[in-house]
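Okay, got some structures for you below.
You will see two complexes here that share subunit A, one where it goes with subunit B and one where it goes with subunit C.
Entry: the complex of A and B
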């Protein structure tokens, strides 16, 4: 007990637990696949971009809890979450304004059928769900790192 | 009753029993380690038995495969979460309850 108290008192490095690391290694790819599954099922059943994005963002949270938050932040970098949010936002706007440019309303997917895309309405919804999932995953990851950095003060994202 | 209904009722009864044991342990036991000890094992078994009842009631099919996958990951992740919580408590320096100083504890 005195050992752990000393470790906390001097703020030493995080010591990983082999049990948590092994479980995260096994479970992580399944969680990622399940997030994509939920994301792509938003069009015709329960699920969608928001729920799937949160599940994909949870993968990063699990990595941070298992391998240490500082290590995960160094590995992911501070730019990747912001880049994901920007990419998703651009894809969403591209889909929405593209239909306006083709002469229909905002996010009116059926007009993409004129370009030769089969089932344009269905694939349009899927694409927008994927974009929303990117945004949500980036926001969850960025919020996690921002909250984890909050106790030390000053540092952002 | 058909054999499948009997199996479902037995599995649900076992699941409810272990869930009640986990809830009683969570309320009655004195500190975080004892409570994690109670809930991690009983709660996992209760959830797994209940999911087994769901799988048995579906019969053979795609839904059963999904439920069995859920059951498998419940078995993997639930004890690991309890381990992570108790490990964090130990790293924070929380002393286990030994019953020496608290005579009023049950």
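Entry: the complex of A and C
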């Protein structure tokens, strides 16, 4: 075992590997697309926001492992995960409250059909799945950075 | 608005997100957001309660009709608990403005806890109840961990592990009930379970798992191990909020599961099931009190006192008659006010004088008359001195046990008053009849909000006691429906 490997095993400073970096560059867009694909399948087939969100979140994890966690954190910023979580929650809540405002019950998607949206019930669920995906992706990213910060006392979310 | 039940859960969630997002713009902006949300919550819960006492309010989420969709059912009991959650969370905010953790993340989680507790109290679907139980649990673990230092982190980890075991047992119980009946709606479950037969092993296993899972959450002895550490290790505002609400709502869930889902007929068909409840109650009352007497730290003593007081509520569930259930509800509300008040008073005293152990309280009346007075009043209310609310709850429960001729339980319930006196008398004697030892430690940082909420809790413990008998009459139709 070389010296640099030993440092990595102890959680020492990041060591770049051209193979991993190149692989991540190639795989990343496909993983991201696959995450969205899974999210869009929540309404009428297997899939959904929770699974899709985790897959999208792993994109950031891969970046962190390939290019160094500190670098990735600086690139993404600590606010983005929090903003994603907030945005997802708001999108979900306003879908529910919006249907109340339109005169139906909470989360009664069918009422959005009155606004001219076809298959309102299906797309309503789809939209909520996307919102859940945002929340989950934000939480996975935030947790990853929080755990990586370790005992240094970093606060991320 | 007819969608009020759903909005009552959505409002604190919205507030939670807003508190989180406000933190991106400016730090320490969570408190005003939480205050507005809690005030809205109190108003909403009040309106809902006034409707629920006229007749049960039920609401189907998303237009998917029950038993397939999620139903929210609000009767007098759930409305009481939802209102209690709203009022206590508003009151604790008054304390936490100066004392509190002040980060936005803290208030986001605080409101998430309120959402979870409200959801648990008004849902009519067992799986939905599990989801809210988990939300409540996760938020509570995070709140306990929000204290400084390793102690709160350790307490939170312990709470997380034990709490997850409890929630998993609960989920397993739901799974068994679902296998037996194919439904998750509470009202539907109660008819389907009766059709399957109360002596079927599958149904009995579901009952045992659900009840033991909730025992963990209520902190019934010997499943209480998480609770003293969690209460003693967290910041004062968090211990008050959690001690007042989390176990209370879990006890409400126990009442809901036993009487709405399994019904009294199940208890009659299975004497063992009733014995399980009786055993939990008796062991909790006795050992909770004994452990409370042996504590030196005030907050740990108050925590063990909760173990003993919730034993009374479980006892009332075991007795399963009208009087006892009214007593259980009164005691749940009363205990929340008194124990939350006691934790806040202990926090106030610790902030003002630095006193944290039983011995530190010597001669407290000379150093901090207000704190000592409020603590004394709340302690006497907890013992059950009339006219305080602690008396009314215990009176109804004891009366119910006598009516049902459950003599061992009745004796233990009456004995519990003496046991409660045993651990509070130590403190009362030190506070009022001894001279202060050592020099004064001048620590300051008590805000008017902290003083105000402590005084309000002490007064509420007495005033609620006077209103409790009328409230008991108001609750009678709900309890009759629950037992039929």
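In the analysis below, the second predicted complex is superposed on the first by the 138 of 157 C-alpha atoms of A that agree within 3 Å, B and C clash if a C-alpha of one lies under 4 Å from a C-alpha of the other, contacts with A are read in each partner's own complex, and residues count from 1 in each chain.
Heads up, the rule we're going with is that a contact is a pair of C-beta atoms (placed from the backbone, for glycine too) under 8 Å apart; a residue touches a chain by one contact, two chains touch by 3 or more.
Predicted model only: the values in this text are computed from it and were never measured.
Contacts of A:23 after superposition on the shared chain: subunit B is touched, whereas subunit C is not. By the touch criterion stated above, A:85 is placed in contact with subunit C alone, subunit B being left untouched. By the touch criterion defined above, A:105 lies against subunit C but remains apart from subunit B after alignment on the C-alpha atoms of chain A.
For subunit A, the partner with contacts to more residues, out of subunit B and subunit C, is C. Touch criterion met: A:65 reaches subunit B, while subunit C stays clear of it. In the superposition on chain A, contact of A:115 is made with neither subunit B nor subunit C. On subunit B, the positions that touch subunit A within their shared complex are 73, 76-77, 80, 83-84, 87, 90-93, 95. Looking at the complex, you find that subunit A touches subunit C at residues 79, 82-83, 85-86, 89-90, 93, 96-97, 100, 104-110, 155, 157. By the touch criterion given at the top, residues 1-3, 6-7, 10, 13-14, 16-17, 20-21, 23-24, 59-63, 105 of subunit C touch subunit A in their complex.
Those residues of subunit A that touch subunit B in the shared complex are 1, 4-5, 7-8, 17, 19-20, 23, 26-27, 30, 65.
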